[in-house]
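In order of appearance the chains are A, B and C, and numbering begins at 1 in each one.
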Amino acid sequence: MQTNHPASAVGPVVSKQLTLDGVSKRFKGSVALQQVCLTVQPGELISLLGPSGCGKTTTLRLIAGFDFPDEGTVRIDGEDISHLPPNKRGLGMVFQNYSLFPHLTVAQNIGFGLKMANHPKDRISSEVKRMLDMIRLNEYGDRNIAQLSGGQQQRVALARAIVTNPSVLLLDEPLGALDKNLREGMQFEIRRLQQSLGITSVMVTHDQEEAMTMSDRIVVMSHGRILQIGRPHEVYDQPRTRFVAEFLGTANILTCQLEQVQGNRLDFSILRRDGTSDNPPVRQSAHRLRLDSDIVPAWLKQGGIAEIAIRPEKLRLGPLAATDAITLTGTVQQHVFRGSQHSYKIEIPTIGATLTVNQAADSRKSATHQPGDGVTVSFDADAAVLLHPDDVAEPATRIGNSLSPLTQRKAA
Amino acid sequence: MSTLLLRWHPGRWGWHLLTLYTALFFVFVFAPIAVVVAVSFTAEQGVQFPFHGTSLQWYVRLWEYKPFVDSLLTSLYLAIASAAAAILLAVPAALYLGRSTGAVATVIASFLLAPIAIPALVVGMSLLYFLSAIGIGVSFTALFITHTIVSISYVMRTTLSVYRSVSQSLGEAAAVLGASSWRTFIHVTLPLIAPGIFAGSLFAILVSLDNLALSYFFGTANVTTLPVVMLSYLQNQFDPAIAAISTVQMAISIALLLIVEKTYGLRALTTQ
Amino acid sequence: MQIALAHSDTIKRRAAMPRSRRWLLIVPALAFLIIFFALPLFQNAVRGLDQQSGNLFSNYATLLTDDYYLKVVVETLVVSFNTTVLTLLIGYPVAYYMVRRAGRMALPMLFLLVAPLLTSIIMRTFGWRVLFARRGIVNEFLDWIGLIDRPINLLNGPFSVYVGQVHILVPFMVLSIIPVLRAVDTRLEESARVLGAGALSTFFRVTLPLSKDGIVTGVILVFMLSTGSFITQLLLGNGSIVTLPLLIFQQFSLTQNIGLASAMGNVLLIIVLTCLFIQLRLTDDKRGAR
């Protein structure tokens, strides 16, 4: 177990791989995690993203050792740490409210892990000094924690976690307590430090912007399961399920019916919803949509109903040149100006839906539209993403794949 | 008349009345104490207030009257020893209860806090019979056990309260940084709950010093506590020496309070 | 969402220590108290039962039927009740002042309130004996303002006992009321005034009911403490007021009837436990209602 003990702090960092294999956890009868499989590559930062209760915090705590899995294993570079107590795992962790020791100074906080590893005093003080330099708090060593601002405490918490050369760094909503401006600065700071040191990291967050800014890959979770793993733009551009599509940014959801399959082409007709209830009666509209796909998903039969998602920025106001573009006509219901973009809500009577269209704000382009204006909205088939139902089993293999959605595959 | 009363607005003099009342109240509270301190310095032979002439004769008398000095030392020793024993028992209990939930934990907590609620007379009497029955008769050991029972409750009460306010994630942070349970306790938990332990111990010591009802049943010729001696002196001799010993006892209590204040601050005491 | 997150976190948090060994922490204290607290009290309860004569409960029967003992039990309750009412009436205005008007003086005043608890009960009671003595300052003052011609016997009667009791117990009442009164939103009082209520009416209709919890806590606490106390009765009453604890105290050395003494102790215990039970119920009700 020596390799998992906090290593000597000097020397190049050897990045390690973290694997969760079939991890399940139950609490008093309710399932918190079901068969979670995840591989974090050496030096990678991944985010566990999802709403509260999705299991992301449970996952982090299992990796840390505050709880043990009922099934499955947690391994670092192949070594099984699933049932080791937290103080024997050689990890680093930044807590949600920093959890800095209030009775110790900044220097004592940072040096705590080294002290627990019984390093000699002079080694500890030189390492602490190195860390204070790295986080730019050189003169703060003897200060009391209470005298620091939120951002400064953040940096101390980070320094404390990484000074021991942990094999994996865990971050539990590290930026939640900071206000917006500070948060963006700290996002870059943490990312910069993590990359330069090459520490494999797992971050828990409910803020999708934060996840997309900082992560190499994002793990979207819901109800104890992983819905999708991928790089930020993959998960954003090709969401796998409706939940993922709506959790990351906004998505326009259209209901369609599969008319026929011809080779690798799926012909859909867009359905029209009559009424605004949850399950209104649908009828066929006049619009057709053709998607290319490598595989026809098993759950989709001819005549079956599916949902597709389109991002607001992929919808255009005005006609498009492409031949297979879909054009819809509607009326502007609402216009919101957000500085960098105009956001419109447009009601389309032919499909009984209200679409959100975002357009980059550029004063040189055409004038903005007002509520009541008639407009055309168009998009081409590339922009549409076929969504899978939440309960469909993933076709991905067990260990470490990104689960690619089933539309056009773009090169990663 | 009632409508008049309903719309009565006392205005400024109403508040002045309340201020006067409160001032008188505090005079009421301190009068007997001040009187006793004053009387301890009387040059006269009897207890009388007001009096003429001051002298230290009664403090000298304390030295001479052996039971006073002996019982004071016994009481101090007893208070400190029982507080120490209470700490050894109560702190682990607080550590357990502070992170436990559920009905069992609540019951245990109530049980451990019960000794303060039960009249000391009943506790003392019951323990006298019990300890005699098991062979520890009237002795310092018996006194020690009796006072420890009550001290445990005081120490546990404040320690538990402070410990509950210590975030659990601090212990988790220490664990991730490599600290074993024991080292987490020594380096993180203990420093943070120390104010609670001190406050509770102070309470325990002060209560023990003054606890007549609890100690009454265990007095012997050799081993007895100050309150018991004071009571019998009051009933038999009634002279200003009582005032002197009371003042000394008060001075000791104040000194202890100041020690706690200097080391940990009094805020811990007010968090109840 | 932050709040929801924290909630789900606390549900899943467990002690970091291995659960299998944690219970060892509680064993020493628990064992000590069971052996030296619970057991003796239980033994006391059993001792109160009469093993020799036919009737197990003869001792308790005596206490509740014999004129003398019944009088003492009733007197105990009456004195506690009176003391409680007095401390409430005297203490509430002080609490009100400290919360509402003291401002920066509040903390020093709190210290002043608590400081007497540092002194011995015997010292405070002795002080009253000096003050109330025949030629003591109170008598002299009353003479000086012309209320009396000859010194009156203030001691050895209920008056001095109640003064002593109130003096010892009023800090507890004030300390119980203060936190609750502090929590009463002054804007509620202001609303009442804006609606036309006078100061007194506002107090009785808004402030007082809202501070009810503090009053209840203080009342139960003072009642319990008063029931268990006897030093004041002993030193200031000189036999004029005989309560159960005083009786136990006096009779202990005199009587050979251990059973009766134990039974008296148990009756006292039952009264106190009843108070505790009531308090527990009341706080539970409040928590349930939330």
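FYI, contacts are C-beta pairs under 8 Å (C-beta built on N, C-alpha and C of every residue); 3 or more make two chains touch, one makes a residue touch a chain.
Worth saying up front: this structure is predicted, and the values here are computed from it rather than measured.
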- Item | Shared chain contacts [subunit A and subunit C, defined touch] | B
- Item | A-B against B-C, pair bridged by the larger set of C-beta contacts | B-C
- Note on the structure: In whole angstrom, the CA-centroid distance of subunit A from subunit C equals 59
- How big is the gap, in whole Å, between where the Cα atoms of subunit A centre and where those of subunit B centre? 57
- Item | Distance between the centres, which are taken as Cα means, of subunit C and subunit B, whole angstrom | 16
- Item | Per-residue multi-chain contacts in subunit C, two or more chains | 13, 16, 18
- Going through subunit A residue by residue, note those that touch at least 2 other chains and give them in order. 66, 85-86, 96
- Task: Pull out every residue in subunit B that's touching 2 or more other chains.
- Result: 172, 175
- Please give the residue numbers of subunit C that touch subunit B in the complex, ascending. 13, 15-18, 22-26, 28-30, 32-33, 36-41, 43-44, 47, 90, 93-94, 96-98, 101, 109-110, 112-113, 116-131, 133, 135-137, 140, 167, 170-171, 196-201, 224, 227-231, 235, 245, 248-249, 252, 258, 261-262, 265-266, 268-269, 272, 276, 280
- Item | subunit B contact footprint on subunit A (complex, rising order) | 5-6, 64-66, 85-93, 95-97, 99-103, 112-113, 115-117, 160-161, 164, 170
- Message: Looking at the complex, which residues from subunit B come into contact with subunit C?
- Response: 5-10, 14-15, 18-19, 21-22, 25-26, 28-36, 39, 47-50, 88-90, 92-93, 95-97, 99-100, 108, 110-112, 114-115, 117-123, 125-127, 129-131, 133, 145-146, 148-149, 152, 156, 168, 171-172, 175, 181, 184, 206, 209-210, 212-213, 216-217, 227, 230-231, 234, 242-243, 246-247, 249-250, 253-254, 257, 270
- Note on the structure: Listed in rising order, the residues of subunit B that touch subunit A in the complex are 167, 169-170, 172-180, 183, 187-188, 191-192
